[in-house]
Structures are given as C-alpha cells and as structure tokens.
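Shared between the two complexes below is chain A, which pairs with chain B and chain C, respectively.
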Partner chain A sequence: MLFLQLLANGLQVGAIYALTAAGFSLIFGSTKIFHFAHGATFAIAAYLFHFALAGLGMHWTFAVLLAAVSAVVFGILLDRLMYAPIQRHEGSFFTVFVASFGIGIVVQNLLGSVFGRGFMSVATPLSNSVEVIPGIYLSPLNGLAIVSAIICFAALHLFLTRTFVGKGMRALSENPELVRTFGLSPRRLSTYAFALGSLLVVPGAIFTAAGTGINPAVGHHVMLISLAATIVGGIGSLRGAACAGLLIGVAENLAMWKLGTQWSEAITFAILFFFIIFKPSGFFGRQTVS
Partner chain B sequence: MTAYILNLLVLISVYAILSTTLNFIIGYAGIFSLAHAVFFGIGGYTAALVAMHVSPEFFVAIPIAMAAAAGTSLLLALPALRVRGEYFVAASLGLQVLAVTLFSEWKSFTGGIGGVIGIPSVELFGYPVYKPWQFLIISLICLAIIIVIIRTLVHTSFGRSLKAIRDSESAALASGKNITVIKTLSVVLSSSLAAVAGALYAFYMSFINVESFMLDTSVLVMAMVIIGGTATILGPLLGAGLLMLLPSALTYLWFLPQTEIGSIQQIVYGLAMVLLMIFRPGGIVSSHPGGGK
Partner chain C sequence: MLRGKLPFIAITASLFITSSANSEEIGALFPLSGPNATYGDIFMSGADLAVRHANEDKMLSDDLSIIYEDSQALPQQGVVAMNKLVNVEAVPYVLSAFTGVSKAISTLAQRSQTVAVNGGGVGPDLAELGEYFWNVIPLANNEVGALVRYAVNDLGHKRFVLVYVDDPLGESIQKELEKSLPPLGAELVDAHSIASSAQQFSGVAARVRSANPDMVYVASYGSQQLQIVKQLRDNGVKAQIASYSAFSVPELQQQEEALGSLFTTQSIDWDSEDPITKRFVDDYNAEHGKNPTSYIANYYNAVRVFALLAQDLEEQGKEITGANLLAQRKATDTFKLVGGEVSFQENGTLLAPIQVLEVDGSGSGKVVFVNTAE
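Take a look at the complex of A and B:
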C-alpha cells in the first residue's frame, strides 16, 4: 500500500519536475545559455501565487495569471539585461553560469527577507486528500498536476513542430548562423525561448505552492532537479528531460519506501553521477562528450 | 575586541586556504568544482577522529586528513576526465549533495547532525596549541606554504600544461600532454590541500558538524575566487578577506535590520557576482584586464 501511495506521489512530483526540466532544456537547447536562475523563476512564480491567493485574497484565476506574467517577465528581463550584455563581449559557459548562479542567490534571499524563511502552503479546496481505495490517499491536485503536465507537453509539441516561431527555435538550437542567414533574428528567438521556458515553470510552481508547500530554497532545489533531469535525459532533448523528470520524481519518492526522507535528494544525485560518468549523453542526447 | 579580531583573522586564513586551492583548479585547470566543501569536511572529520583516537600531533593528523581527501577526490577526478563544462558542474554538485547526506547520516564517522564534539587541542611536537594567536600563526604559515606550492607549480611545466589544457584540450593532447594524469593530479592536489583547511578548522573550533560543509560553503568559496579574480594569486586572498569581513562590516550599518544580516550578505555577493560577470569577468584582480577567461 505504501508503495502505491509513494508511486502516486512520485508521479505528481515527477510531472512537475518534467515541466520545469523541459523549460530549462528548451532554453539551454536553443540559446546555449546555462540558465541556473530558472529555479529563481520557479520560486518567484510560486511566492507571487501564494501571496495573491493567501495575502491579497484574489480569485485563483488572477493569482495564476499573476504567477504566469511574473515568470515570463522575469525570464525576459534576465535574457535582455544580463545574458545579452555578457554574450556580447565574451559569454563563455563559465561567465554565464556564475552570473546566473548569482541571481539565484539574490532572489532566494530577497524572497526569504520579504516573505519569511519558513515553509508556507496555501490550502485550496482541491488540496484535501481523500481515501480513494483503503490506504491510498489522493487529492484532486495530484491528478490535476499530471493532467496539466500532459496538456502542456502536447501544446509545446504542437508549438515547436507547427508554428513558425517554434520551428525557428528548433533551428536556433541546430545552427544559429543559418537562422541569421535565413533572415530571422537569433536575439528575438532567444527572447521567445526564455518567455516560453519560463512559462513552463508556472504549473509546477502553483501545484507546489498549493500542495507540499514552498520555502525560499525551493527554487534552488527545483533547479538542481531540473539540471539533473536535463542531463540524465540528454541535453537538448525535451522528451528526454520530461522522461528523466518523471523518473527522478518517482525514484525520489520510492527512495522513502526503503530509506528515509533524507536520502531522496541523494538518490537523485546518485542517478545523475552515474549517468555523467557512464553515459554523459543521457537517454536521448546527442554525443556531447568533451 | 582583540579576541574578536583574532577569531576573524583565523577564519579568514582558513577560508583563504580554501579559495587558493579552489582557484588552482578553477583558474589554472579550468575545472569548475562546486564540491570544495566536501574536501574541507573530509579534512575536518578525519583530523578530528585522528586527534581523538590516535594522536593529537599536528604532523600526524594533517597528513592523514590530506590522504583521506586525496583518496576521495578521485571520485571527482573521474567525471572531470570524461566531461567538460556544464556536465562537470553538475557532477560536482551531485558529489556535494551526496556528501552532505553522508556527513549527516554516517554517525560513526561524523556524529550525524550533532557533529563531533570535544576535539582535543592539537599538539606541535608535543606542545599543545590552543591559544587563538598560536592558531593564527599556524594557519598563516600553512597558507603561506600552500601559496608557495601553488605559485611554484603554476610556473613549472606542469602549470603550463594545465593552462594549455584549460585553453584547448585538443591542442594540448595534440602536443603530447598526458591529460589524464595532469587533470587527476591537479584535482588530487587541490583537494588534499583543502583538507589542511578542514583540519585547522576542526582543531580551532574543537567542534564541527555538517553545517560547515554544505553547498553554501562551496558557493561561498567559489564566490571568493570569482570576485577576487581567477588565475591570480592575490585574487582569492582578497576575495576571502572581503567576503569574510562583509558580515562584520554590515553590522556597523545601523539602518540594516540585524536579523537579516545573513541574507543581506548573500544578496551582496550574489549581486557582486552578476555585476562582475557583466562588466569585469576576470574578477577584481584580473589577470586579463578588460575581459578574458
């Protein structure tokens, strides 16, 4: 029974990880920017959603809208004000990573100072767990998280394969020079990638705020997980990131079955470490060693 | 007041050892590690256990601590040899997270969350060392020796090979450099020297627990190297001094809420990292003015 319960929790957490990792992978794949501050976007969306719903007493649709808008704006601002100037003069991996990491630290501490450092969670009518079959407790939120992840992935797939901008973004990841020759602006496509990638954290942020709860370090945690998922799945592969996110969510929860809660993060990173040493290209990745 | 300043100076020299040794792999070898606190920790725990169960002699505890860290560092060298850039950062993060879990769970070695208490004072040729100023002198001597070792190494053919690998691995390989050996040696050296800082820290505090060896510490040391300036001798020292003085300096700003000092300190160095990367990627003491690595 405990196994099934943990599996169900794992699927929900995995769905959230999959979406966040897909956002990171989309940005990294098409712009080659190692966007470590992606976790900060997640934390901002989650805190603003919580604040709008619990603090201001807004209707949930407005709270969702606020979270989505703030995530997208934050992503675009970082791209324009931080990554663009860095890439203009040099833009080595190292420089971009350090700047992005710095923003992550700033956001985490600002959120902690403004909203407090404790765990916060907002109760919604959907958060209450009911006993579905004896011993298994599920809340409507569990199902909703999984359904919305599936919808987001379907929409993302259609966008990337059917629309002009989507095709441009995929082209950007293959060959930026050709994109320029074709008359598209890599700069503008990069902004689109940031907007879309940041938008993908919103469902995860909302379900986390309404479910297990958030603290200022949540962005950091989520970032580590999406980084792990992106690499395990293969850099540049959205499908890989999604599968790996799901795998990590389930593994993390099943780890509690035999070991303690404190081992869940260690399990994720043991998987990551294993992949980096033995199969750095991940599930579906292109060969990128050295 | 003297005690306060002495304490600060000892901690600065311990962190200066950490930032100098991390700079050796970040700045010269181009290996970007977020796991430096792991070796700091291994050094600390090993030295504490040796002092408690074997001998509190400085020249016994330090070599054993260094050997333990050197052995573990092979785990870090393994991914460093196979992958570059973003993969290695992720691998070192993985090692750091795993190590924190082990540090807090492996109770017989680390005492768990509670840590190791009652570490005896260290002895130098049989004379116990426990006064802060004695510690300050020992840590400064260790720091000086480590700086000399690294400075000398950087100017030998080994150092030139390292820089060649950092700038272009395939070119170094083509000119006949044994990349495997060079990279492994640099990781092992950097980690074992970081263990010296761990041992000094354990003896000085006479109590250690996992809180000193978490990801935050790795990030702090990384910030010291980057803000001070990578691939320079002076940069990491300056970075360590600045970031260790920052909390005390902030307490003098009366208008800041005292409970938020920790956060404000992190915000300041986070912002410093962002601004430096945009305007001066080489750090304050830049080896390539106006840009470069």
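Take a look at the complex of A and C:
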C-alpha cells in the first residue's frame, strides 16, 4: 500500500515537474538562453494567483488568468528588455546566465518585500486527501495536476506540430539562419518561446500554491528540477524534459519506500549523475560526436 | 582661500561629530532575509523594545544601540557577519539565533572574548559552547522532556514519530526523544530526516501514516514547518502534531491545519504584576497591537541582561568589555527580567520553567501544562 501511495504522490509531483521542465526546455532549446529566472516566473505566477484569490477575493478563473498573464508578460519582458540587449552586444552565455540569476534573486526579494517572507498557501478543500481505498489517500489536486499536465502537453504538441509559429519555433532550435531565410524573425520566435515556456509553469505554480504552499524562495527548487530534467531528458528535447520531470517526481517519492526520507532530494542528483555518466545525450537528446 | 575650503571643513566636521557621537553598541546576528527572515523580524521587535526601555531609563551613560547583521540563519553567513561585528565594529556583546549559526560563531566569540547570547536556538549542545556563550532560552532537552511527560502521562500517547530537519537541532531533538521516551513507557517508532531546503512532504506524510503514531513531533523551523504541518494534514495524518518553541511564530499560530497542535515555550505569565513584565507586555501591545511571544521576551531579556551588566560595570568604573561582562555575570546572583527573577546556571544557560501550549488560533496558544524548572 505504501508503494502505491508513494507512486500516486510521485505522479502528481512528477506532472508538475514535467510541465515546468518542459517550459524551461522549450526556452533553452529554442533560444539557447539559460533562463535561470524560469523559477522566478513560477514564483510570480504562484504569488499572484494567491494574491488574486486570497487578497482580492477574485473568482479562481480570474486568479488563474492573472497568474497566466503575469507569467507570460514577465517572460516576454525579460526576453525583450534583458536577454535581447545582451545578445545584441554579443554577451556570452555566462553573461546571460549571471543576468538571469540576478533577476531570480531580485524577484525573490521583491516578493518577500511585497507579500512577506513567510509561508503562504491557498486554503482549498481540493488539497484535502480522502481515503479512496484502504491505505490510499488521494486529493482532488492529485488528479487535477495529472489531467492538467496531459491537456497541456497535448495542446503543446498540437501547437508545435500544427501551427506555423510552432513549426517556426522548432526550426529556430535547429537553424536560426535558415529561419531567417524563410522570412521568419528569430527575435519574434524567441519571444513566442518565452511566452509559451512561461505559460507552462502556471499550472505547476497554481497546484504548488494550493498543495504544498509557497515562500519567496520556491523558484530555486523549481529551477533545480527543471535543469536536471532538461539534462536527463536530453538538451533540446521537450518530450525528454517532460518524461524526465515525471521520472524525477516519481523517483523522489518512491525512494522513500525503502530508503530514508532524506534520500528523496538526493535521488534527483543520483539520476542526473547516472545519465551524465552512462547516457550523456539524455532520454531523447541527439548523440554528440566528439 | 579659506573661504573656498569652508564647505569641505564643515562637512568633515559634521562627519566627525556624527561618528564620534556617544553610543554604546552591541551586535545582533539575525536572519533578515531568506525563508527564516520572519524570525528576524520577531527577534528584532523584542531587542528594539529593550533598547528603548534602557535608553528611556538612562541605564547607561551613553545611548544603547544595536548593529544588525543578516545571518540568513546560515552558519557560513553567520560567521562572516560575526567577523564584521567583532573585528570591525568591536562590539563586546552579540545577540545570536538558530542552533547552527550559534554553534558556528561560538569559537570566534570565545577567541575574541565577545559575549554571544542566544535567545532563539534550542539545541542542547548550545549549553556547552564555552563561557562566552550564554543562553537566555531553555534548551531543547528541557522542552522535549516537558512535552513528552505531558503527552505520555496526561494524554496517554505511546507511539511517537519524528520528522526532523537534518541539522544539529534536529539531531539533538532525535537524541532527546530516544532518551526520554522509553523510561516513560513510550517509544519513538520512526524518525524521518528531511533536508532544510525540502518543500514536498506528501511522501513523508505517507510514511508517517503507515507508522500509525499517536503523536508526530515536528522539529523544523521557518516556512518549512508550516509546509510540513499543512502537508501532513492534507495527506491524511490525523495524529496529534507537536513541536518546540519554533511553533510560537504568528504564521503557524494562525494556520488552520495547526489547530490543536502542541508546542513548548519558556513559561511566562503575561498577566504578571511584576513591573518589568508588565511594562514589557503593555509597551509591546501598544506598539504592535498584539501580545508578545516568548521569543520576543527572550531577546528583550538578552538586551536587558547586557544593560544591567554594563550599568554595574559603569558604576564600578570598569570598561565594558566581553571579559568584564562575563566576570560581572558570574558575580551577579539573579537578574530581574521579563518573567521574573532568574539566575544563570554555571554553563551560562538560564534556568526557566517550561509550558506546554496548544495552538488555538488566538495567536499565542493556550497553556495546557506547566513544567517547573529543574
């Protein structure tokens, strides 16, 4: 029973990890920008959802909308106002990383100053577990997180394979010069990638605000998982990042079945090291030739 | 020519006058940023009130003030900040908080003969950090002992599970539970260690539930303890939750999932007619519109201990240094502090009664049991 319970918990956590990791991977794969502030986007969406619901008393649909708009706007603004100027001046990968890291710290402190540094959570009966079969407790949030992840990935797949912009974004990750030859603007496609990648963190942010609760530092953990999932899944592979996110979530929980609870977080890095050593290209990444 | 230099001379003179303005400074290493910053705000409110009272009473010939440094509740940051306070600011007395930080700075305190006073960390090891390290808070061994006696003898709980953060405090509470439960006929059936950065506890909750405990002891702090409590309840853990004085923070006292949880603190009668306690409670209430908690009283007391010792040293014409403060503390039998007249043990730790409280949503908890000092 404990195994089944941990597996169910792992699927919920994994669904959230998969969405945030896919967002990071989409941005990194398309633009080659190491968007460390992806965690900050997550934190902003979670805090604004909480503020809209608990502070302004909005209906949850408007709160979700506000969280989504804020995440997308934040992502686009970062791309346009920070990453684009750095790239225009041919800033190095490291410059972009440091700038993005700095934004993450600034956002964390701003959220702490505005909303307080303490713990917050959305009070909802959806997070309360009920015993569905003897020994197995599930909350409605468990199911909602998994269903949301499936819907989001299906929509993302359709967008990337069926729409002109989606195909352009995929092409951008392959060959930016060729994209330009076809009359598309890599700059604009980069903005789309940031908008879509940022949007993907919103379900995870909302479920985290309602399920585990949030504090201003919540973005760091998200970023860590996203980065690990991107490497494990294969850099540039959206499908890989999603699978790796799910794998990490499930493994983190199942580790507690036989190992001590303190191994839960370490298992993420154990998986990461395993892939770096034995399968550096990740789940679905391209083989590299040295 | 001189006229042209006048603004420069005026600015220099004003800077000199400002910097040489008389002030007796002490230091404080509190978490002012990061996930435990909420504690920093709480500790500061008590320390600042004590400074205000000391200055209003003109206890010292110079005004007393505190130089605050941000430890982020992290040992490394704490040592960096302590270095600054000791080597740059040359303060004789430093307020410290959190077990990890307190242990990390204790060597520097000892070496530089600077008194470090803890009012927030409760690891039992804090009583053994040298004669320059004092505690104005009862330590975890006292807190855990009082709680388990009440839980076993009065509530009839037999099976305990511990969820503890993987640091010196958590380990010391585990040792204390392992030591104190068997003689009472109870047992620690499981202990789950968690990383201080962990935020996801649904798996821990599943493990706790499978152990079927009567009581779950949570040994964490800051935002994390609130997340643990919420996730334990959300994931179907119905056993009574208990903790130490870290549960006295306002966020947890207002948390719906924490209602009915037990926690321990130093026992202070807030309705006491003792003039020091009454002034502290009245002024805190007037300033913040709510009752103080034991943490606030602890840091008020920590500053008050300095003011009393420094006052004695000034009267004797002695310099206010760490060594003199220590000698004076040893020469002083009792101190009139918030909560009554208390004395320091030989190891520099205050002896105080412990109370067990229940989280009832009132903001400060309901006292259910008082364990006298022993």
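Throughout what follows, the second predicted complex is superposed on the first by the 282 of 290 C-alpha atoms of A that agree within 3 Å, B and C clash if a C-alpha of one lies under 4 Å from a C-alpha of the other, contacts with A are read in each partner's own complex, and residues count from 1 in each chain.
Basically, a contact is a pair of C-beta atoms (placed from the backbone, for glycine too) under 8 Å apart; a residue touches a chain by one contact, two chains touch by 3 or more.
Please read these numbers as outputs of a predicted model, since none were measured by experiment.
Engineer: Would you mind checking whether chain B and chain C clash or fit side by side on chain A after the superposition?
Structural biologist: These partners clash in the superposed model.
Engineer: Report for A:109: first if it touches chain B alone, second if chain C alone, otherwise both or neither.
Structural biologist: Touch status of A:109: both partners.
Engineer: For A:12, select first, second, both or neither according to whether it touches chain B, chain C, the two together, or no partner.
Structural biologist: After superposition on chain A, A:12 lies in contact with chain C alone.
Engineer: Once the structures are superposed on A, label A:227 by its partner contacts, choosing first (chain B), second (chain C), both or neither.
Structural biologist: A:227 sits against chain B, while chain C stays out of touch.
Engineer: First (chain B), second (chain C), both or neither: which does A:211 touch?
Structural biologist: So A:211 only meets chain C here.
Engineer: Which holds for A:119: it touches chain B only (first), chain C only (second), both, or neither?
Structural biologist: Touch status of A:119: second partner only.
Engineer: With both complexes superposed on chain A, which partner does A:262 reach: first (chain B), second (chain C), both or neither?
Structural biologist: both
Engineer: Touching A:284 in the superposition: chain B (first), chain C (second), both, neither?
Structural biologist: A:284 contacts neither chain B nor chain C.
Engineer: Looking at the overlay, does A:252 come into contact with chain B only (first), chain C only (second), both, or neither?
Structural biologist: It touches chain C, and chain B stays clear.
Engineer: So in the superposed three-chain picture, is A:93 touching just chain B, just chain C, both, or none of them (first/second/both/neither)?
Structural biologist: first
Engineer: So chain A touches chain B in one structure and chain C in the other; where do those two contact lists coincide?
Structural biologist: In chain A, residues 109, 112, 262, 265 are touched by chain B and also by chain C.
Engineer: Along chain A, where are the residues that touch chain B in the complex?
Structural biologist: Touching chain B: residues 34, 82, 85-86, 89-90, 92-99, 101-106, 108-110, 112-113, 224, 227-228, 231, 235, 262-263, 265-266, 268-270, 272-273, 276-277, 280, 288-290 of chain A.
Engineer: Spell out the part of chain A that touches chain C in their complex, as residue ranges.
Structural biologist: By the definition above, chain A touches chain C via 1-2, 5-6, 9-10, 12-13, 109, 112, 116-119, 121, 123, 127-131, 135, 137, 139, 211-213, 215-218, 220-221, 252-253, 256, 260-262, 264-265.
Engineer: Of all residues in chain B, which touch chain A in the complex?
Structural biologist: The contact residues of chain B facing chain A are 32, 78-79, 82-87, 89-91, 93-95, 97-98, 101-102, 104-105, 169, 219, 222, 226, 260, 263-264, 266-267, 269-274, 277-278, 281, 291-293.
Engineer: Which chain C residues qualify as touching chain A in the complex?
Structural biologist: 33-35, 37-38, 163, 166, 192-195, 197-204, 206-207, 209-210, 222-224, 226-227, 230-231, 233-236, 249, 251, 256
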